[in-house]
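Here come two complexes built around chain A, the first alongside chain B, the second alongside chain C.
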Partner chain A sequence: MAESLSSRPTFADETPAPPGSRVTIAERANLGLATLQARKGQDAALRDLIQQQYGVSLPQAPAISRAGTIAFVGLGPHHWLAVADGQSHHLAPSLKAAIGPLGSIVDQSGGYVVFRVGGAAIRDVLAKGFPIDLHERAFPPGAAATTVVAHIGAIIWRNDDHDGQPCFDIAVFRSLSRSFWRWFSDAAAEFGCEVKQH
Partner chain B sequence: MRIPCPFCGERDLMEFAYHGDTEPRPDPTAADASQLFFDAVYLRDNPAGRHQELWYHAQGCRSWLVVTRDVRTHEVLGATLAKRGAA
Partner chain C sequence: MTSAQNRLAAGGLIDRSRSIRFSFDDDTYQGFAGDTLASALLAHGVRLVGRSFKYHRPRGILTAGPEEPNALVELRSGARREPNTRATTIELHDGLQAWSQNRWPSLRYDVGAINSLLSPLFVAGFYYKTFMWPAAFWEKVYEPAIRHAAGLGHASGEADPDTYETIHAFCDVLIIGGGAAGLSAALTAGRSGARVILCDEDSVLGGRLNGDLREIDGRPGAEWTRHVIAELDALPNARILRRTSVFGVYDGGTYGALERVSDHLPEPPLHQPRQRLWKIVARRAVLASGAIERPIVFGGNDRPGVMMAAGVRTYINRFAVAPGRQAAIYTGCDDAWSTAFDLARNGATVAAIIDHRHTVAPQLRAEATRLGIPVHLGADVTDTRGQHRLQAITLRTADDGSRRLRVDLLAISAGWSPNLGLTTHLGQKPRWSETAATFVPDALPPGMSVAGAVSGAFSLAEALRQGAALGAAAAEATGFTVAAPPVPRTDDDKVELSAFWHVASSSKAFVDFQHDVTSADVALAAREGFRSVEHLKRYTTLGMATDQGKTSNINGHAMMAELTGRTMAEIGTTVFRAPVIPVAIGAFAGHHRGRDFRPTRLTAGHGWAEQNKASFVEAGAWLRAQWFTQEGESDWLPIVSREVRDVRSKVGVCDVSTLGKIDVQGSDAGLFLDRVYINMFSTLPVGKTRYGVMLREDGIVMDDGTAARFAPDHYVVSTTTANAAKVMQHLEHARQVLWPELDVQLVSVTEQWSQYSIAGPNARQLLERLLGDVIDASDAALPYLGCVAFTWRDVPARLFRVSFSGELAYEIAVPAQYGDAAIRAIMEAGADLGIVPYGTEALGVMRIEKGHVAGNEINGTTTATDLGLGRMMSQKKDYIGRVLAQRPGLVDPDRPTLVGLRPVDPLARLRAGAHMLAVGAAPTTENDQGYVTSVAFSPTLGHWIGLALVRRGPQRIGERMRAYDPVRDGDTEVELVSPVFLDPQGARLHG
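Here is the complex of A and B:
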């Protein structure tokens, strides 16, 4: 089988960071991604099963719930994005095997690129492109949103703070990830942007 | 204009696609379908004031919404998820 898209870092060879950078970005490679939709009338059964199998309570709002290396992001009513470290294309088949006929699973590991962004000035950068409020009060750790950034469809969620700085993950369609990267590089330039390897 | 999506919260108009009012479309297989469609398109009521409309949250949770809007002021008075039989 050909090398999977999600295991090949697309943005690994970018320019190194200037000293004193106040923004960081890293591509989360080898991430397992899959959308999960409850079949008609199976919401409660699916929630019970995910709770048993993964120890996660499926969020019923735009939020992220995590247990160990797997997390579920609420995208819409009856609709979630599963995110699992290091699982790449193995996530979708294992989810399918676990939930059977209660929901529909589609592998998105090659469909999205997920960027982890952070740093002291990260909110100032994101405010240039996101039309939603990402302030501490409106978007605490665990919050998520499906929206646009610089007119590119995006899913954003906030992780726990890292080194005392806010930390977000942003998923964009792989075919638009280069456009997102260009926007981010421009928007972050004034603060100094460090490209990290994840 | 901002629409209060029941799932996502208040969002900018650009995230949504407009689909028209919530009146059901005429039956295209009816014998007098062309007359029914003529009436629906050209002779429909278009009151100044509150309308109920279908909007699709294309750039958000991808839900269909029933939005109540005052067409004189563009004031949005509320939005609910559109479910079969609930609109």
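Here is the complex of A and C:
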């Protein structure tokens, strides 16, 4: 049997970031991503099952709920994005096994690239592209939004602060990750940007 | 270098320890940090700085602010040259270069000044009257001549080397203007904890407090300002944006603002933009934009040395420059008397205060007497003298006597007009206030309040009081609690005035300095019936220059009111549009210029394709490989022909990841697809793929593609690249709005899967090598239109046996993070089978050879029957578009229908877009029989082939026609043939 196919990191052939560390960015490599939609009339049963299986209350708003290594982001009515560390394309089949006929599961591990961004100046950078209010009062940890950044469709959610600094995850379609990086590195240049391995 | 003879020995907000060298035209000068170009030029006694737009009159500096109509200069050199910058707002920096505009050969000796002598020709409306005959002259003579003469300044003509950026901000309270009222509002709102943004267009906050010597709470105004700024800076919820002009008000509490980040520096610092465009969303806004001083319209009022009275005070108090030594004041308001006093206190001789009013407050007269200034009440200035600078004025005294005074500075003021442009951007109109003798804001944009001079309250005490009150109200309206703010004490305000606008005069009296509109032009407009303010504006161009008439509109309107016997309230005023200041297009574009104009979508195999010398073509936002150049190849047609031959004889691989892919699940998925496709999908067996066509509601074909069934409740639909988003939107509409009762879930998986088409006689052999250990790819196990999902090299994969090329072909899909590895694995497995990568051009040639329709045929005008797909339209079910597809016009048998073409002369080239005519028929619209949609050179057949939509085409096969292309001189005899040029039985496909 031939060797496994290897996945390709987004930063592989990008121009380096301007030096400095007031802003950080990392690709969440091998992230498990899958969309979950409730089958007709199965909302309540699905919620109960997710609560029972994963200890997560499915958000009924643009928000993220997390338990351990799995989290669910509310994308729309009856529609969530499941996110799980390190599970890559294995998340979808495992969700499917757990949920059965209550929901429709679709692997999106290849569909999005998720960037984790943070640092002291991160809000000043994001303000250059996101048309939404990411201020502490308007977008606390656990908030999420499906929006646009620099003409690129994006899902953004706020994690718990990291080292006393705000920390966001941004999901963009994989085909647009280079354009996203061109915008981000441009916007972050004045603050200096450190590309981290996640 | 000349000496700075007009610089005062002490005072001002300049930094005398930082000397700055700069140049204007061919001379170099020295100024100080804190100077503007205007103040530094005035310090050197430079009066003449430009020529006017139409008459090329010598012009100087009129104001000390952004409303400046005259002192427009070209700034910087080379690619950074910027025309029409206002010298009054340009902060001096080392090495600054500026040039006067609109003069040739030099500022002092300008040939264009002849226009002034020809002025009878250039009256209002001269365009409409002068260049009428002969008509042919307009394009060849008049317009080029006018274009050469018109315009102000010159653009660099080079790409802008600097960057711009856009940024979003949100706040509870936006304060526009950092003068007394704005600072007072910001402080009150900021102390409540509300998120406050304060924008001020100047580099130094304080507004008039920097130009006037005023006291607040017993200390100088500038000192009070510093304390307020320090407190605001310490508040985490307050942000001050300096050098930032709010230029527009938009719906939903949105404001546009331009921050001049680096305009005051020789070059932008590393990683800093030249300018930053702010989109600010504010729940409440307090507009504290102050007021603009009004000139008086009298003969020779444009001569260099005639300046606005408050501007003169700014030069004295802020910049420590006395703009003249022998001055006079001409006014009708108290405020301008301060200018006389400030001049006298700083050593200038004030030859006269000329006040249009017959009585003024006794304390003003007392102060004038104390300073030894002669006062003329009930008097007017009727004319001025001096070639390039003011040398004398003529004044008419109360007893109708005439006197001439030798002066080099005349400070004028007819009072103040609120700077209310922003209040009118959403359609609200100002109202006339008799007491303030000006138009004041009336109805306001939602969420906005106005404080200080912009409201028509011109006293400092009132500005501070209103600012605090409205800042508090705005914070409270957004849910914050405000402690009652103490209102500071101020010294006495001098705000009395009588409204007056112009003085009859025999010399040219300018209303609009920037557009050279005179009192005579206004009178002409009145005589010729252009009497509404909107007509006056268009006919004379009053207020249509880059300054939007900030110093001129109201004077023009007042004169028109007088000429037509109407009150100011009756005549009204024009309103303003965004932007209130000129904003560079680059600032709006921000990051999005050049290749970043819009984001680009790249497939997972893009890097691999680049390495293999792909040329790319834009397909929507995607870049797709168009062809792959091999060693020794240069011309595209041989490359594409080689790719086609290699696919048809061996095997090729093409990245088809850009095609839309939609995952459809749910117990009603089959039923749902039956309703959106013209053909049946509920009957499709699991493990099979079917070609399908979707119609728009109006019966026209929307898109085509395939749907594969992986489980009873799971399909994957494919769309064309171009229509992927449209189809997704269409299906979501159907699911959410038309049939919410169905159990269907949709999600786009276009980005999830990297998909490669492997086509050619060796395709199966390649697959066996690649996948042989995991699936059976034999014809029996995977017949034509079969599909299978499996795990390959530890990743999920899907294989579809579909063909666009007509060859034995498969599409293999893997999650996109493995797309790069997959294409490399395919190429490796196919190396000794002669595999080649092929691009969209070869793909296009092969689909034309097979008569498959694509975007050229599915063009928004064709029905399924037009495309030869009518038999697919199911009679057993309803579907979107079915009813309207039966309209008589759409079932007319005479409609242009798909047919193939081949040139009678095998060497002739066909052109897409050519029109189809009967042989011998005249090329007229009546004789038009259809048109050519797609053409290609077929390397398989060795000649050009085409697809066309021809009236009753399929019934006319064998007939000869003309493909007539007058645009490219094409007129080719063609034969109508079957659109399937190759392998009509599909032997290759099923091989």
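The working rule: the second predicted complex is superposed on the first by the 182 of 198 C-alpha atoms of A that agree within 3 Å, B and C clash if a C-alpha of one lies under 4 Å from a C-alpha of the other, contacts with A are read in each partner's own complex, and residues count from 1 in each chain.
Here is the rule we go by: a contact is a pair of C-beta atoms (placed from the backbone, for glycine too) under 8 Å apart; a residue touches a chain by one contact, two chains touch by 3 or more.
Please read these numbers as outputs of a predicted model, since none were measured by experiment.
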| query | With the two structures laid over each other on chain A, which partner does A:R182 touch: chain B (first), chain C (second), both, or neither? | reply | second
| said: Quick one: is A:G100 in contact with chain B, with chain C, with both, or with neither? Answer first, second, both or neither. | reply: neither
| query | Looking at chain A, which partner touches more of its residues: chain C or chain B? | reply | C
| message | So in the superposed three-chain picture, is A:T147 touching just chain B, just chain C, both, or none of them (first/second/both/neither)? | response | first
| said: According to the stated criteria, A:G164 is in contact with first (chain B), second (chain C), both, or neither; which is it? | reply: neither
| task | Scan A:E190 for contacts with chain B and chain C and give back first, second, both or neither. | result | second
| said: Under the stated touch criterion, which partner chain does A:P131 make contact with: chain B (first), chain C (second), both, or neither? | reply: both
| message | Under the contact rule defined above, give the chain A residues that sit at the interface with chain B and also at the interface with chain C. | response | 131-132
| field | Of all residues in chain A, those that touch chain B in their complex | value | 61-62, 75-77, 79, 131-132, 145-148, 153
| Which of the residues in chain A come into contact with chain C in the complex? | 1-8, 12-13, 18, 35, 37, 39-41, 88-89, 103-104, 106-112, 127-133, 135, 137-138, 150-152, 173-176, 178-180, 182-183, 186-187, 189-190
| chain C - residues contacting chain A, complex | 163, 165-170, 195, 271-272, 279, 281, 590-592, 596, 598-604, 607, 622, 663, 665-668, 741-745, 747-749, 751-754, 773, 792-796, 814-822, 825
| Where on chain B is chain A touching in the complex? | 7-9, 11-12, 14-15, 57, 59-63, 81
